[in-house]
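Look for chain A in each of the two complexes below; its partner is chain B in the first and chain C in the second.
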Partner chain A sequence: MSDAILSAHNLVKHFNAGGWGAARKVVRAVDDVSFDVAPGETLGVVGESGCGKSTTARLLTHLLPSDRGEVRFRGRVAGTEVPLKEFRRHVQMVFQDSYASLNPRMTMLDAVAFGPTVHGVDQPEARRRAGALLERVGLDPARFGPRYPHEISGGQRQRVNIARALAFDPDVIVLDEAVSALDKSVEAQVLNLLTELRRERGLTYIFISHDLNVVRHISDRVMVMYLGEVVEIGPTADLYTAPRHPYTEALLAAMPSLDPDRRTMEAPLQGDPPNPIDPPPGCRFHTRCARAFGPCPGTAPVPALVGRRHLASCHLNTVKEAAE
Partner chain B sequence: MAVAQTDIETLATADKPRGYWSGVGRRFLKDKVAVAAGCVAGGLILMAIFAPWVAPQDPFDGTMIRRLSPIGTEGYPLGADELGRDMLSRLIYGARLSLFMGVTPVLIAFVIGSAIGIAAGYAGGWVNSITMRVLDVFYAFPSVLLAIAISGALGAGILNGLLSLTVVFIPPIARVAESVTTAVRKLEYIEAARASGASAFTIVRAHVLGNVLGPIFVYATSLISVSMILAAGLSFLGLGVSPPNPEWGLMLNTLRNAIYVQPWLAALPGVMIFLTSISFNMLSDGLRSAMDIKQ
Partner chain C sequence: MTQPLVEVSDLTVTFQGTPPVHAVNGVSFTLAQGEVLGILGESGSGKSVTLKTLLRLLPERRTRIGGKVAVEGRDVLALEGRALADHRGGVVSMIFQDPGLALDPVYTIGRQIAETVIRHEGVSRSTAMARALEMLELVRIPSAKRRLSNYPHEMSGGMRQRAMIALALACKPKLLLADEPTTALDATVQIQILLLLRELQREMGMGVIFVTHDIGVAVEVSDKLAVMYAGSFVETGSVAEIIRDARHPYSQGLLAANLVGAEPGALLKAIPGAPPALHAPPVGCAFAPRCELAGPRCGADPLPLWQARGDRWARCVAAAEAAVPSHAEP
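Moving on to the complex of A and B:
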């Protein structure tokens, strides 16, 4: 898709897990991940812990070099066709740990002003913008500007982190579990702030979370990851009402609900995901899949179009004998 | 809105709103022990600088009649040494060389060691491994032996002594710098800074230095006393300061034969070394807690 603002093409990232030569072990954190995000869209990314969500975020922002594959910004390859410094001005990131992501010896105003100064804005102008941005995220610059990270609450810190990302006037913000560490009421406020900002500035979000309710609330499209692979990606409504991959079904079944008739009676998935050092052959999910059949242990499924902009990698959708 | 606007303007024009270092100064002044240690250290430094005005007598002028006079002898408040020279004047003059030999190698090693350690720690990977393994070679020798070996190879003299002590202190300081930097580098604010597109140099300057220099500095100040004692050892072997120059370590060694005759007198240079090292150590402790922003 050429109109995508940000796209990942066959991203691969393996981490060394010890050993040399033939005995070398690698963790396949991200294995051949491709997707694209349209301008103004919010793409939710969900999956169990260890499925490669955060690694994907760091590959997208070029904080980690990918082993293979490329990230394109407006169709141009980041790092080569778009210089990294320029790319970073357009694609920003907000991290999960609001405290660790702020320099303990920098005031909030300086933290927000740092980015623009890197890109050539002079100090007084950067500070003026930082003050305005703090105000925009709901923090009085006169009160919070001179404070240090340990002097303010988690919700306030995360607002500062959002202001810092906004200081670049970016097009895309990757939010890596950005609201997961906040308590529910603060989380709702920050989510509302994010929604307002998206409308105001025409931002594109990549919203990574393990919280399916939050992802459903904020996302236009959702991507489900399992063991470093994308198993399903599609419009939020379609994916939540008619999932086309058993793993998505299981995730949705595990979703906490306030409706007593939809209460989770038993765990939809047994055990932990297999070790990503040595993922199962064929479909990586077949060891835990209730509907695994003939081809699953042998051949890996390929993504197939199952609806409008809706892709799923499952033999159930493609192999005829599954219907029988 | 108008009020908020002016606030933003004030903040923008103000150079730095209540800087970090003014906070450190305020917290340091509250710490009585550290302030006292700072006064003692400052007093010693002033004493060294103004030695000719402070010292009552010529530190080189000795008479055999006064040889090993006890503490409290008239005209010689702290007695006289084995050559009948005024002990008080020699201790005052000795502060010059002792402090110089104690502080200078540590300062130079602090600058070089920090640079090596921070660069290695921030670079990480194989750059880090190679740098640290090379520095590990120095750990194969006890520091005294290493200082003697280098000093011996270069020949006697204060400058060669300084050089050898500097070489001895670079590896431990670099190692501390490397471990602190490695810990800081993994934090998300460094990642956020990288995501800003800033160069490695800018990130180190703006985000790493402030968070690592404190611990490295505190460690370095604790080496000052070690440096003074090593310098004394070099002097004893005829490699560092040579007699008749007054230097506390050298005085301790030349007076060691008098320990049965005048034990208090023989202990005086040791008292000075102790006083200096403990005041520097407590000063650095105070600095560390004042620099700890999480108080």
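Moving on to the complex of A and C:
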């Protein structure tokens, strides 16, 4: 799609995991990942640990250089056609660990005002705007502005991180497990804040989480990753009600039911996710898939359109003999 | 009436220090043989501290424990020396959130399980190793024989959690304490471990106290639920009663925050504020500062109780008032 605000094109990121020559081991953290995000949309990204969610987020924001592939912002390649400094004004990120992402020697007001001053806004103006942003995220600037990160709670710190991301008036915010470390009651407050900010400012979110309930609540579209690859991406309602990849099905079935009369009776998958070093050949999921058949161990499936804006990479959708 | 497996009455735990922390404030409950109690609460609500008291795992010199804790009629707080060592692992056993920390990194899994069995049952090493193998098979670790000689770091997270369950159950305890055992695991592995625990609990007829912050997880494994806030139980009942008919505003808020029946994209009914610091024991309702129904009557001490039966109650003024039939109605 050409009107995408942010798009990833065949992103690849491998990490060395020791060894030389033929014995060299490579973690295929992100392997040929492509997707796009429309303006004002929230794209949820789900998957188990080690599936490449966070690496994808870091590639998207150019915190990590990709081995291959490119990120485009409004159709222009980030890093070359859009200089990084400008790119970062448009695309901001919020991390899971609210404490580690703040400078322990900066007050909250300074932390929010710092970015804009680097980008040429003069000091008093930046601080005035920072105060207004703290106010907006629900922290009284007079009370919380002069405090240091260790003096406030996790939920409050995450609000500061959100205010800091907003300081550039960005178009896109990448949220990498931004609410996962918070207690449930605080998580709900921050989710509400994100929903309100999105409405007010027409923000686009890329919302990474392992919590399927939260992703369902906040996302317009959802992308499912497994061992560095996108296995399915589609509109939230379609994907949750009629998943077209067995891994998505299994993830959904593994959600606790919240209904004491209909408890989960059988685990949808056995064993742990395989190591992303040397992932299985063919379809990477075939070793755990109950419906694996002929082509799965040998040929990697390609993404196929299975509905409106709904792609899935599974032979079950494309190979005829699967129907038998 | 038969004797309950666990009887806790008016338990208080205070950590001395400057300032002191009143971690548990008047918790009472009973657990029957073969029953599963889920304790639901956020971080700092005192749920783990309550569990650790049952094993006396808290630092003795800095902790003041009040009230009564009895397991099988034996007073846990009075246990000393060998009796305490027999209690730990023999009668009551515990599994933790992080098996990487709970298992000893320098001994093989087989040896750790065998050590426990030898200590509690006084059998020979070979008998104990046979039991260890049996246990690994019971928790369905693939190629169990080979895994006996593995060190913890050689296993994946899900496998380590299974090994820890095997270790905890090796001496057939009457009561298993589970402290967020699935929180660190991936969703597809979490459900495997929950189903395993549920099955073993039924097979061995153990009592289980399962502490979690995740309502979904609690519903999967528990018979009864207790919602904990600021060191006290605020509501208890069967799982179905709490999920479908929560009476305490905090339980209701937690359910809303867990997106039970939430409409996608809409604003959630979030609880404002944050849990209190417990430097002083709370007077009246600890939740009042965050509660939309709060009024001056919430400062009452003791608080009125809404109670339907013995273990179906909520400690809330508003819930108690709502239950009293109004005079205006016929």
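The definition used in the following text is that the second predicted complex is superposed on the first by the 321 of 324 C-alpha atoms of A that agree within 3 Å, B and C clash if a C-alpha of one lies under 4 Å from a C-alpha of the other, contacts with A are read in each partner's own complex, and residues count from 1 in each chain.
In the analysis below, a residue touches a chain if its C-beta (ideal position, glycine included) is under 8 Å from a C-beta of that chain, and two chains touch if they have at least 3 such contacts.
Since the model is a prediction, treat every value here as computed from it, not as a measurement.
Novice: Have a look at chain B and chain C on chain A after the superposition and call it: clash or fit.
Specialist: In the arrangement built by aligning on chain A, the partners chain C and chain B fit side by side.
Novice: For A:R164, is the partner it touches chain B (first), chain C (second), both, or none of the two (neither)?
Specialist: So A:R164 only meets chain B here.
Novice: At the Cα centre of chain A, what angle separates the centres of chain B and chain C, to the nearest 10 degrees?
Specialist: 80
Novice: Does chain B (first) or chain C (second) touch A:R89, or do both, or does neither?
Specialist: first
Novice: First (chain B), second (chain C), both or neither: which does A:S101 touch?
Specialist: first
Novice: With both complexes superposed on chain A, which partner does A:P297 reach: first (chain B), second (chain C), both or neither?
Specialist: A:P297: touches no partner chain.
Novice: What is the contact status of A:H210 with respect to chain B (first) and chain C (second): first, second, both, or neither?
Specialist: The answer is second: A:H210 touches chain C but not chain B.
Novice: Applying the touch criterion given at the start, work out whether A:G19 contacts chain B, chain C, both or neither, answering first, second, both or neither.
Specialist: A:G19: touches no partner chain.
Novice: Between chain B and chain C, whom does A:V186 touch in the aligned arrangement: first, second, both, or neither?
Specialist: A:V186 contacts chain C only, not chain B.
Novice: When the two complexes are placed on top of each other via chain A, what is the minimal CA separation of chain B and chain C in Å?
Specialist: 13 Å.
Novice: What does chain B use to touch chain A in their complex?
Specialist: The contact residues of chain B facing chain A are 4, 7-13, 17-18, 20, 187-189, 191-198, 202, 206-207, 210-211, 293-294.
Novice: For chain A, which residues are in contact with chain B within the complex?
Specialist: Going through chain A, the ones touching chain B are 58, 61, 63, 84-89, 92-93, 95, 97, 100-107, 109, 114-115, 118-119, 124-125, 127-128, 131-132, 135, 140-142, 145-146, 148, 150, 161, 164, 168.
Novice: In the complex formed with chain C, which residues of chain A make contact?
Specialist: Within the complex, chain A touches chain C at residues 48-49, 153, 155-156, 183-189, 191-192, 195-196, 210, 212-214, 216-218, 236-237, 250-251, 253-261, 263-273.
Novice: For chain C, which residues count as touching chain A in their complex?
Specialist: 42-43, 142, 156-159, 186-192, 194-195, 213-217, 219-220, 238-240, 243, 253-254, 256-260, 262, 264-272, 274-275
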